[in-house]
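Letters are used for the chains, namely A, B, C and D, taken in the order the chains are written, and counting of residues starts over at 1 for each.
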């Protein structure tokens, strides 16, 4: 057991946890932040559990919760203020960038990070950026469109974005 | 699948502390965790059951790229995403950039490190092959605090096997800057984009003032044995100016001298064909980069 | 039922409305099964067989049971006298077959790698996994049955001994009901083949692949004495699951409530069967009196479900030199796996595949038969385009081979033989109700511009570049009428919906089918909004809870756009009748429903537009103030409607793809994917586009990247996403969609159900394009997966000859 | 999975054969051997800890010996189980050919790998097994050179000696089989 202190979506937490607890389980089970999903087993390939660790998109199933001690985490729940959508979330809604929505939180977290690095991405760059997120419903077409739209919205400063 | 019990977890902030923790445990009890992008797969599947995890993430001293006059020194905890973006690798060591930019996916590159990858030496991994091609040296500190430098040729022993002992800590990977023009490249093929390489090839060529190759290194991965040199191909590049004929002779010679396995991903013959095809492209690129 | 639309119903139909459900899904507020919290929930982990076929000599639980935190462990032996075995009528098709007997946990022996052997219940999922490692099962290995053809031979080991054979199902689909007429039909077909100028005969193989919803399966059960069992299940058919749980566990049906969570991470058919895991989790919750949750890992999922397509089709086509198709002959063999999956049992998929084999072509004659073999592999699981992904691959590929033999453009040969007048009954007796295949086809071919492509192709070849074009098409079921679903799955096909108005003029819709991401909340709201002339935001849709929804057979076979929304429309119209009856009475006019218009929140008398009421007031008046009503009228606005089309309905699509093949490595790139669709009237183009994109990419991913592999001991080697490879965004093309629709005359809104069968035309079109690119090398590919490795081998062979 | 290879040992065949049945040499030659135990006349068990880099897997194995034709050939049938990690079943056929006081040892192994081993192992299984076999024979040859002359002569006609040979070979088989299984983990 270990005591950890960390910030999740701007809120400070202190918890006593097992060393072996995965970060994704900590977020889901201990903090009830169930927007972060699990879609594969040990391999860490699907990307549904992607979160931001100190601003970088990483897979929370490939980290132990104890590793997040002292760090700053953002989950999909923290991507926008309650009652509003970020540009990226809005673009996914506008362009039908999701169907079942299971992979979506991971995709949003990865793409939010991606867009800060690639403010003006090509389709090919977006597709390459999405390799770490499997989606079974959309065929990715609308996802690419949504990310492109979000890039434009961000550039146009269409609205305040907290990502 | 969830990890089996982990009795201890440490997050030291200096190499000395790491060595101390290792020393306080029986051999084989502790595991150094770098980015953890491979190790966690093994831990979650319970193939790996470390009693004690030593997390290296707070070792700031291992996180820098030092572009020194004669060598490029990359801290063991430098991440793929940083390698892929680093301008320090632009001139001679583009091959390492090529490899780092296509390891796994963005999330993996945001977390995985050069040190973790070379120490894990997975059977099909890009970074060890690129480091081997670029003649990297591993700088280790052993339990007594003494420094060891092991060159890539002596470091990579086989899948999951390296010359690093369990009580060693890898602190950096360094590359000697060639005094003459040089170029490097790395490319892989997988069934889906950026997957673990079915075949991955790195090449490094040094050219004299006439543009003729006087030293060449080629490394392969994906053959089931981890990163491996393909010396048979290298000798055929000596004296070449990057002409297609010598390059094709080199890849053909690699095929004749290396075992390629058949598995779920590809047949042996197809791997050879990929060596020919990708190998030619990679070596050509290395020459081209050297000629700029 | 009326099929005419009033003008107000146009407004929301066809609108690219952003989805309502997205607002919770993009903010992480979706509630999937694993997100449902119940205090005191215990966690379940299965111990699964490590062998494909072995007797269970004994199971030692001593160590596992003594682990702190372990609550209970179940094995086949200790539950078999307390739980009724499968099969049970509710989940057994009306097809003559050798149904295996089995319990949720293996009894006596295991029959595939991954079969549940024991169930651990613990306070924590980590502890449950610790305990699972301590369960010691003593196995005695048995010979494994892995090859479907060998399985059907007399000397083969038999997987289910009681049957004495591995032939779980066989059928002849042509020539009528009795053996004599079938034989004479076969003789006629043989005669055509004997004299036909062109015959192509090939063995087509499709590998084991299928669909993997991103959310694996899960079950959360709770029990109390007064309410009985509440079971949250990731399922497409909660009402069937409810009856099955009631029958198997002998819990009176009124005490079983099944809830499919409102948010489900994809289904694609994989969540349509009734699974054995449901039974034992419900049993454990009832026995322990505590909530029990099982969340399937991806590892378990890939070992147990989502495996489909595993067929061999010995297909022959006879044609004349002008490209007229004369006859079709096919002998199918399918690898069923163990067959221990409720509702489908494996063979229902190849059964449907054989029925759908003839596709959109006019076949004067055909002989189609099928044999399905039980093997020691996971049971085939429905996966979008089930059964006919393999048969359509065979057919579409073979048609191209005929075209090559005759020297005709494959697209022309197809057009020449497409069914050109509907309705039409296929050679396998499938009814094609309506549509215009030629319109769809011609639209596609125009977009593809074959002559221009041929020019580009020959120019490219001069530069040693190999590009190719490929075509394929598919007639797909648009919902499944009772006519087919009763004999096939022993379940009704009608759609059912309850529409309930509240006094504030808002609408609740209840549907028994349980979707998994297809956008039903939005499209249903659009239908209701267009019927009542209100905003879709005022409509709330509840699905999948057997406690609140009318009976439905499930979210399967493209039922939503055909059957469900039709029931919704009918229920709305029933309420509109009542609203207008009472409004006419209040307005003191003689008028019926068709004299009123529901638009912009008002109900307006068309004869005098000043005579009207706001929608909210009239609704409130009827629900809350039911006085001064017409004679025999009572208050309240709540209607349940059932929709059944007299005959089955279809939708139709056609694909064209352009590829470039690297002849050095066999690698290929899809340069373009064009598709034309007849989906009937479109409720929401965004949603329909999304369905098409997803289905086509699933088809590509199945055809190229994904494959379930068993070794020669029956060990499943592809139980993770590292080895079972799904296409990533970087591996697949953009999709160019065109619509060439014909409104469906049999549904109230002219809509067709779409999506289920959509991947079926993909593997043929794609492989045809690769073969077209390689025409100079005369390469015909007859097996999937379509991998660079195998293409390269074909190129090598071709170079040698 | 099928592996076959051969090595030349610069020793007469009879000595090699005898050494292959020497428990001390075998114990020393096979990496990670933790225990050896005779269950009955024909069955033996062994525990091996295999280390491949950071992975450490403990396997329990059993084996029996068949078709002994001293000093020419024998067959080992072994099974190793690594618990949750998986299992391996190995049949190894070993033949010894003598030429000029040197022996060519050929082994031909058929291994069936099961459980997580098979699923997570991929192409590494064979390679690692080969590596282990090489390691085994390297140490074996060294041990043999060191102990030559110290080996007791073998009386072929003596049944009990044969029995004891079989026992020892069983262990060798177990270890080889177990080792292959262990290494398959990757």
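Just a few scattered comments:
By definition in this document, a contact is a pair of C-beta atoms (placed from the backbone, for glycine too) under 8 Å apart; a residue touches a chain by one contact, two chains touch by 3 or more.
Bear in mind the structure is a predicted one, so any value in this text is a computation, not a measurement.
Summarising the inter-chain layout, the chain whose CA centre lies farthest from the centre of chain A is D.
With centres computed from CA atoms alone, C is the chain lying nearest the middle of all the protein shown. Once the centre of each chain is set as its mean CA position, chain B and chain C turn out to be 44 Å apart.
For the pair chain A and chain D, the distance between mean C-alpha positions equals 51 Å. With each centre defined as the average position of its C-alpha atoms, the distance from chain B to chain D rounds to 34 Å. Distance between chain centres (mean CA atoms), chain A to chain C: 30 Å. Residues of chain A found to touch two or more other chains are 18, 20, 41-43, 128, 131, 133.
Contact with two or more other chains is made by residues 1-5, 45-46, 193-194, 264 of chain B. Among the residues of chain D, those touching two or more other chains are numbered 84, 120, 122.
The list of touching chain pairs reads A-B, A-C, B-C, B-D, C-D.
Per the touch definition, chain C reaches chain B in the complex via residues 125-126, 129-130, 133, 297, 299, 664-667, 705, 709, 717-718, 722-723, 725-728, 730-731, 787-789, 792-793.
Of all residues in chain C, only 18-19, 21-23, 25-32, 34-35, 37, 126, 211-216, 263-266, 268, 295, 297-299, 516-519, 686-687, 689-690, 692-698, 720-722, 726, 728-730, 732, 734-735 touch chain A in the complex they form. Taken in their complex, chain C has these residues touching chain D: 50-51, 132-133, 711, 713, 715-720, 723. Partner chain B is touched in their complex by these residues of chain A: 2, 18-20, 22, 25, 41-44, 47, 50, 53, 56-59, 61-64, 66-67, 69, 110, 113-114, 128-129, 131-133. Residue ranges on chain A touching chain C, taken from their complex, read 18, 20-21, 28, 32-43, 45-46, 48, 75-77, 79-80, 85, 89, 92-96, 98-105, 108, 123-124, 126-128, 130-131, 133-144.
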